[in-house]
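Common to both upcoming complexes is chain A, partnered first by chain B, then by chain C.
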Partner chain A sequence: MRTFKVLIAALIVALSLFANAGTPAQTETYFFKLSKSLRGVPPTLEEREEFAKAVQAGTAEAFLQKKTQEYLTDDKFTFKLKQKVDELLKLKQQREFDKTPKETGTSYDRLVSEVIQSNSSWDQLLLAKSYHYMPPIPWDFLSSYNEDAFFFIPNQGHVPSPSFEDYLVPDTKRVERHVAFAPDDLRIAGVVTTPRFFGRYVNTALNKNRRRAAAVFRVFLCDSMAPSVPATDNQGEKQDFDTIFPGHSSYTEDDIRRNTQADVHGQLMDCKSCHYKLDPLGQVFGFSAATLAPLPAAGSLTFKGQDGRAVAIPLRGLGDMAQALIQQTEYEKCQVRHFWRWYIGKDVPVSRHKEQELVKKFNDLGRKTQDFVSYLVSLPEFKERPQALTQDQLLARRAVNIMKNCNDCHQSQDKDPDIRNWDLTDLPYSQDADERKDAIRLLRKNLDIDHDGVGKKMPPKDSLWKLSQDDFAILRDWINRGAPDFDGNAQVSPKGTP
Partner chain B sequence: MIRFLVFGLALALSPQTFAAAQMVYVNGAPYVDFGDGRIAVVSHAMGKLNHGTIALRQIENTCDPGQVLANCKIHMEFASHTVGLRWSTHPDANKLNAYVKRIFTGSPNSYDIKDGFGIYSWFSSQVRNQWTASFNPDVIECDQYDWMKQLPANGHRRFLQSWTGETMSPNPETGVSENQTISGGFNIELEKNAAGTFTVAKIGSAVSGDGVPPYISNSVSTITFLANNNQQCQVAFEVSIEDIIKKVQAPHFYDIDPATEMPVRSPIELQNKFTTINGIRAILLPGANLKEYE
Partner chain C sequence: MRTLGTILLLATVGFSPFAKGSFEENAHRYMSGQDIIWSLSMFFDFSKNSNNKEVCTELRALNETLAGGNSPITGEPISPSPTQGTVLWITGCIDEYFASYNVLVGDPIRAKRLLGEEFYKSVTDFRLWQPWADVPENLQRALIRHMVAAFLGSDDVIKDFGFIQNPDDFREQLFIAAQTRTQATILQIVTLLAMNLSVRDEFLSY
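And now, the complex of A and B:
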């Protein structure tokens, strides 16, 4: 009996020791996940031994915090996060961690790596005005980027000339270059004004730098240039026209004739829904073609915010664009969502409330890269072992995946503020049961979910996006099961229940 | 006898050690000393002067969409430019001034260590080299000049912020070939002539450092400028360089004018001359087999 009591006591003590850190198995899983997520490799044998000792000593939590900070300053962390940024910008990724960026890096590579390594504000990706890079290899015709030409021509008009040795002698070492522009140089905007960005998003006479503008919208504001959906009523059409052609009330017949002759694609209503954003931002890239131009070019940052506000910020150059972008709420939300996707997972939904929390933390931490990642990997969403989703939880995720398409148009174009502010991907739709019922009823009716959209009002006939049979089946199933939220809790009574 | 055979076999099988070649400079010009009495100079020369016409058909004016579109020609003097490695000292007098030939033991293949490029005009001399500075500047002649009405002007001068040319080439990030702007210049000035045509009078800087004129394109050439009302304008032309290509493809186009031949004085003359550059680097590599150069 006495032995039994001692055993129970020991068990209670042991359990209490791990009460905060989770069970030993959970903590070890977290340790593995931390190392893999931050560095791309599991903990070493030595680290695992140290961890086991820390667990025994009851200092596992402190050990893990120390390891987090250590991993964040590891070159492998920089490499991994840079790979994610490369993927975001749709640039060719370096596959293997075999060289430090210092030896091989272009100005873009060095800038991104430095922002990460030095725990700078994430905004530096746009605000940076100086670059380090290795000069082009003059004898290697496969070397893709002439960074000297890109940065020096706008400043001096003369590319630094290699020496005869640089060209002709096999073992000549290249010397790193540093180019620094004035803090108020309007032409310069971090990663956007690098040869890799310009090389990826090339320009032509027809394109007029819209491709570059579209990349900026996608990467920094998470605006994917959704397919346009024209207004279906006269009032809506008039408001659209006013937004897109602000001077139209004073157009003469000659003006109208000129407009219809010019750039037909860019004048059509449906096309203008993207072009009214792309064209003025494309102008800011102005005279820059393959390299930076000697002069900045004016344009504007124009878009409709998620809260319905009209944004139209005049820009004197790309430097102004960088400053304007980092001040937008859409930028903050977009960047925290990138980090969430990278470290928590794209399959873990972010509610509006959570998004607000993340944005606040992002700003409180000065938008510092390592600090924000450190915060993310301390969250329960990161620590929790992924559980298999129930059917209802999975259905909820599938349903909102379809609803994202609705958000893309409604949040940017809908005249009704209630609809515009309704995030169809944020579940549950309301804390109020009647409001949830109305919302689901509206969805069911407007999409005509029960009849595969035969009598649908949404999406409109002219929309470039349409629901497939599978989409209707998923939504029907979801609604019939009570439109469960991400936790699997029904928002309304499932079909067939009172 | 057996000893001789063994010795001979041993000699044949032993690894050969080759004397290394070296770079030397004479009056700043690079020479390659093979170390066996042979010396080669890195030299360049122009081909004969050619005259050619580039056709430009205007396709757009963003600041005046209703403008009657113009048809223009650019009259250009141009010549080829060849850089290579030539024997300056050689025991075989017949080889003097010939290009160094790379041969391959056991193979009939060989090539001269030299590069030629076909289209250098006066434009190139303003941004890259000096050897075409004596050419007449390029002249623009159009059937009408409405497209120039909004160009900033000062007397006979017109100002363009940029003039660029597109070509189809692989995107360095995706590898997919696509049209893209790769050549041209910034801050270009045109001068109106008595005949009503315009001469390309000044170029501020090159788009890519190569000095290739923006109207040497197999696609579109684009002028971008700030109009007097500060509106950003773009005038685009469809380009045809058929006449130039015909001349470049003519026999003896790349024949050099011996009077222009001289050692290179500036590394910039080696830019993009990859056969020459890689050829010389291979010679200077430790262990290079110098017998494979004739």
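And now, the complex of A and C:
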């Protein structure tokens, strides 16, 4: 009997480790999560006492709403959200909280912080036409971000020269500068026209501002153009080089000169899938190298929308680019997904229906940063207690991660509208059981999943992206288990079952 | 069988600091490196450390990889969850803090936050260098009760997290562990408790 009791106790303890509660977190746990998520620290002891009193008085909800608003105006919230924006733009993160943003502040740092702190529209990251920054230390010749040179040379043709007194002024007494451009200045587009962005995405004669254009597509339209990422192994690099420069081993000097001018690489079909978007947008950056261009340059915002529509908006400059971007549905969806990932989690999938709800709320709130975050942390998905994923749920997420690469090509260039509009990352594939069966069968056949892609049709032979053996193993396992969706429910009958 | 049951029960304590599932795909979110520094600064002023205070107060190249930083190339975390290095970083800073600084004299606000009002008032009679064994049991338990609540939260929050099913048992285990150190001073016990609690998942994640 004693043995039996010990075994039962051990079983209960063991099961509790893997308990999938699936119930909303208790209110106090939610309070802890709110504080840690928004401002990076747990509630203070004094706050916990106030919360306990509020619970006793039956005013816990009002207390939590008040605290949410308080946390959103906290400097730590601004710092944390700014760090997330830094990660998004792949900029080196600001590490020193105490020295941010006024003391160290570059124009980029100040702009992002101000948008967050003042609860401005998120669009201001693109639409802003004025900047504050601390001028560089006069003797700091190695300063990476010379804001004065970036903003003043195009306007005045020279950089304000430091006086002798400037050399004597200690760092802490530097006076911040403010540079404001006209509201219709076509050269200016918020964070995109800052030294930090230009410094991070450096332009070259060969690159022709495509790197900057690619960053704009990735950050604001969530178009990462994955197929254009080259291989990193020797064999893959050689293959890519042969694709970009066919016949290069027999080039004469004249051929090399001609190819540098003619941009052969940009004319090849596989390359065009990205270049038709990158090249026109790159032109809008004009002659911008290390500083802002003195004149705007024309180009266009060109891409295929997720609904299959062809977008080709002529642009007179970066200012027009900013205006055009914020009006795209892809921009709205992309930005709400960023916020979802930051505050709910990238492991919590967003269905199409949920995405539409989020976009509507984002717009209803005027795209205001703090207001939208306040909305997100009030959602059940934020309040839900953490739960471990089952094997099927984990497998679904891994399979979808592989399918993202398929989406990148198919959604942008497939001629068949059914394939183009099929989001391979949105599970389940259909409400109709027969349609789901057909979809899975198509995947299995075209990728030749059962034979590690020996007889595959997709991805095409000349595609720069290929599935690895691990990828095939994941997809095979996923399909054999019935291609479960994010909740772990099989879309089709698992292999071996009728 | 009794031994096996005991081992299984103790295993829940031993393995509980580690989150279920992977950092990228599980719903437990670890605080960022800056969050960890801020959260620890509620209890410790690491600027008073004699050695390597920058490692404990700022994120630098030296400690960024230990604190969950992202690789600038991929944008993904360098490590999916806290590592042994993270634990050594946090506990090293705490150890150095108590070794360098008389927290009772220098920072009464943080001292009260760390020790609790009840223990703080009584310890001025004992001083932190007095033997732990000389402290009355009720004060010993009050200290443990306060520190667990201060770092991990109330019993409801602890249970809701899912690792500790019975907070009373957890506190009892800490008390028993403290009692086994018969030669320890109050300072040593406080240091050990602070180190233990500050590297638990309940403190580092949400």
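The working rule: the second predicted complex is superposed on the first by the 431 of 498 C-alpha atoms of A that agree within 3 Å, B and C clash if a C-alpha of one lies under 4 Å from a C-alpha of the other, contacts with A are read in each partner's own complex, and residues count from 1 in each chain.
Just so we're on the same page, a residue touches a chain if its C-beta (ideal position, glycine included) is under 8 Å from a C-beta of that chain, and two chains touch if they have at least 3 such contacts.
The structure displayed is predicted, hence computed values, not measured ones.
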>> Contact-wise, after the overlay, does A:294 reach chain B, chain C, both or neither (first, second, both, neither)?
In response: first
>> By the touch definition at the top of the document, which applies to A:308: first (chain B), second (chain C), both, or neither?
In response: neither
> So, does A:204 touch the first partner chain B, the second partner chain C, both, or neither?
Replying inline: first
> Taking the superposition as given, does A:488 touch the first partner, chain B, the second, chain C, both, or neither?
Replying inline: neither
>> Contacts for A:90 in the overlay, against chain B (first) and chain C (second): which applies, first, second, both or neither?
In response: both
>> Which partner chains sit in contact with A:366 here, chain B, chain C, both or neither? Use first/second/both/neither.
In response: neither
> Where does A:26 make contact in the superposed view: on chain B (first), on chain C (second), on both, or on neither?
Replying inline: second
> Overlap of the chain B and chain C footprints on chain A, residue-wise?
Replying inline: 90, 92
> Hey, which residues of chain A end up touching chain C in the complex?
Replying inline: 2-3, 6-7, 9-10, 13-14, 16-19, 21, 25-26, 28-29, 32-33, 36-37, 40-42, 44-45, 48, 76, 79-80, 83, 87, 90, 92-93, 95-97, 345-348, 384-389, 394, 397
>> Going by the contact rule set out above, which residues of chain A touch chain B in the complex?
In response: 90-92, 138-139, 141, 144-146, 148-149, 153-154, 156-159, 161-170, 196, 199-200, 202-206, 208, 254, 257-259, 261-263, 283, 286-287, 289-291, 293-295, 297-299
>> With touch defined as at the start, can you tell me which chain C residues reach chain A in the complex?
In response: 1-2, 4-5, 8-9, 12, 15, 20-21, 24-29, 31-32, 34-35, 38-39, 42, 58-60, 64, 69-70, 72, 75, 113, 150, 153-154, 156-157, 160-163, 165, 203, 206
> In the complex of these two chains, what residues of chain B are touching chain A?
Replying inline: 23, 25, 30, 42, 59-60, 62, 64-66, 127, 161-162, 164, 166, 171-174, 178-184, 186-187, 204-209, 220, 222, 224, 230, 232, 234, 236, 266-268, 270-272, 274, 277-278, 280-281, 284-285
